[in-house]
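Structures incoming, each one as structure tokens.
Two complexes come next, and they have one chain in common, chain A, joined by chain B in the first and chain C in the second.
Presenting the complex of A and B:
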């Protein structure tokens, strides 16, 4: 193996806390990977206040966005896009549910991580909230990895629990 | 060091091993890349299932529940990880010790497992016995925690699976424990407990493994001091949570475990790093200059 440590100066334009951002899959790529080319129909729902409350009470997870970004396939499966925000990270991910509402596959679409220790949370979040793939603020185009104190992915686990409650309380009943 | 222009690559990520695991593959068709990545994720998920401290059916949970009473038969991968853990524990004379689960439960870092009895305060890695026929026995009750080494092993497994699929160039990164194969030099930004002031510490690595440990993200108050997921083997005390350690070597399983050795004892670490052909970079906000120092030399 070969290795060395470099100290790469921060760009003078980096006024915000530096961040690491990577896009793994676009929505279209994730759909094609997870549904192998089957036709998906967009099925966006806006959750009512009562539904939000029921999902939160069932899953124990707060619903940050009442818009449910979903697609369905002919066999009764679902493709759902979701976003979770942690202390240091913002993650867009997609879940494929089969016709029984079981998670068949989960793929992270993009990942944003604050770089460095104590980050002023509201300012850091403002960089990303509402943005889609390929955020412009990056450490350096050549840096494709980050290594450091391990960030938990517990927010994705919570997000999936919230989506499964959403399926059981909102999507599945509507089909019967 | 040759600087390679980036080849088209395919990268995917999934939540596994309590972190976000990313796999990047180059130099093959998208279909072959996705198939290989699927298999590599499955290999990591298998390690996750076997070595989880929390899941009741994992090998680790079965050992913690029963192995002090009767030998528990485990998966070959669990045997491999226990062998690596024993080797590094012996070489470091207990600076790395996977018997620290009890202390992490006491500190509130881990939830108490389902176990027949509380861990014996005198227990150490020496009380974990690997018997013939993939059986594990505990000489004293203890709570085994493989999270300081299993992530590195999972990365090595994923790389082995990718190679078996004919992938010649790849990088697997499990929340900072990473390994790379092939001709591409990877740049890896190191994240420390402290936000960078004017420069980003970056490791360039080719055909090797890098693991980083720092207690900053798991630290919490306990009994008037700070504790984190890192326990000093031998003493059972908390390791300084402001220090960040990155270890470079061939295998990720070794790099992962050695970060704990270096965090634990910098005086003894060079001897152990040398024995395992590894080197380390250590950061502490109070170190002079850049805050970094190097320990050991790569072969």
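Presenting the complex of A and C:
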């Protein structure tokens, strides 16, 4: 009898809980969500060795993949698709920048590990809104940690700092 | 490419000048100066045309080089798309089974030095753990962890080899996942996140070792998920504890140092755990855990575990009436405002219907407690955080009581004064008490997110001989 009583609260949670899923958004869903249906032009680049070195020096974060998956909208904003390691599996996430390179939005597209998936929570992701190249962007400083998801929080924070350096050193200069 | 082009042009001009002079000198039969000038002009014109042709060819080669560079560095594709309809690049299919394989690990090394007796100082490779995971498909994940404790495992050594986790996670739908196998219980702040980089202090706090028996795992089946507003839930059914493993009559104290206290499985749920090793399965326990993570930097949660225990065998003339139920519950909070990291936890366990069992073991120094509890508060402060290095001093106060109340007996019958504490001749000491209040002062120094150096001092109020200095190295990847 006690067993049945203890498990009763599980039922409404199982019914009401939305979106605990491996894939939260596809790329097209993220683009639609972040750019509201505006036209995006794909702008895929391979960073040169000099650019990789400059980005690593600026951000303090290693560039694991020189392929830059970016899209640009007519207003000068950027949609950048990126990957970081959570604890030991890759997290796909996307960052939307406005024409000045300021973070408008961050979306976690998928998460594959048993622990640390809290990085997809909106309140945590909103901490990145307004960040620019030169912002501190450091876990436990201007980005608060999630207890139990430290590595994923830290790696996404590092990833955004790397992308903002990429914008400042590669994407923005190419516009002028 | 640019350097090679410059050298080619210079060589060509030099050759042109020499060619003109040579042509002039090579025709001694020219009758007059005018004719020689005309001939020279023709030569110059021909050479100029050749030069132009070579220059054009060089320009063409140069343009081809620039185009190749641009192809590598500039946009390879400029495809205007509607963001709502753009085709997503599909993830590349796995080309090797190893792409779905995950490997990880963690471990920690201690040096502990009791202040009252330096002879009891010890070095220990406390644990070396390696993990293996495999993703069968997008919805099915297998994880396992294997642990070697105390460096060497054999019949004559103190070490153990353990399977710490062995489970399959299956995403049932967008709302619910199910986990089955041997898994960590979602209790407290530490049990599921017990890697050394995740906690302050050389060793885990006593409350989440003696009351919540970290690393606590059970075999069973559980469901879990998380809402968009940050409420994580976890509930399921599992194996439980076995009271028949209880030692009512230890000849010597089961621990004489703080390190022994953590290592020797003396606490109620440590002494009775089964860890899915031919675990008695006539009873099924259940658990629920809730955690709220909706505000960055804040975690608040609670959990409860309830189960009927495998009981102590009773002689025919002294049957044990009723069943023994274990109820363990805890509540915890962690808040990280600015550079501070503040956490607190309360845990309480109770075992019912123990009067007859304890009464049948009169005079025991170690009866089974009806209740046990502990709580702590901890404040850490990140004093330095730059270039991947982080230095965080902390202070923690905690209270644990492994026998807060008893049924059937007033409590443990503990020898007083100096008593033999081991079979070694002349090895005398005091029988320790199962409760204490402990201050811990220390610091974690992180060399990046994966490696931490630790130091602390722990002051015990009741078992004052347990006070100690500790040094530690931890890693996690």
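In the analysis below, the second predicted complex is superposed on the first by the 113 of 176 C-alpha atoms of A that agree within 3 Å, B and C clash if a C-alpha of one lies under 4 Å from a C-alpha of the other, contacts with A are read in each partner's own complex, and residues count from 1 in each chain.
As a convention for this text, a residue touches a chain if its C-beta (ideal position, glycine included) is under 8 Å from a C-beta of that chain, and two chains touch if they have at least 3 such contacts.
Given the structure is predicted, the values throughout are model-derived calculations rather than measurements.
Of the two partner chains placed around the shared chain by superposition, neither chain B nor chain C is touched by A:76. In the superposition on chain A, contact of A:31 is made with chain C only, not with chain B. Of the two partner chains placed around the shared chain by superposition, neither chain B nor chain C is touched by A:66.
By the touch criterion stated above, A:107 is placed in contact with chain B alone, chain C being left untouched.
Contact with chain C, but none with chain B, is seen for A:41 once the two complexes are overlaid on the shared chain. For chain A, the partner that touches more of its residues is C, with chain B and chain C as the two candidates. Applying the stated contact rule after C-alpha superposition, one finds that A:145 touches each of chain B and chain C.
When the two complexes are laid over each other on chain A, chain A has residues 2-3, 6-7, 9-10, 17-18, 20, 22, 88-89, 115, 117-118, 140, 143-148, 150-151, 154 in contact with both chain B and chain C. Partner chain C is touched in their complex by these residues of chain A: 2-3, 6-7, 9-10, 13-23, 26-28, 31-32, 34-46, 48, 60, 69, 71, 73, 79, 87-89, 112-115, 117-118, 121-124, 127, 138, 140-141, 143-148, 150-151, 154. Contacts from chain A toward chain B in the complex involve residues 1-10, 17-18, 20, 22, 24-25, 33, 88-89, 91, 106-108, 111, 115-119, 139-140, 142-154, 156-157. Across the interface of their complex, chain A is touched by residues 72-89, 102-104, 131, 133, 135, 138-139, 141, 143, 169, 171, 174-177, 179, 189, 192-193, 197-198, 223-228, 230-233, 235, 237, 284, 286-288, 293-297, 299, 304, 306, 325, 334, 336, 339, 341, 382, 385, 387-388, 390, 449, 477 of chain C. Only residues 1, 11-16, 18-20, 22, 24, 34, 151, 171, 173, 175-178, 185-196, 198-218, 244, 246, 248-250, 279, 281, 290, 292, 294, 298 of chain B touch chain A when the two sit together in their complex.
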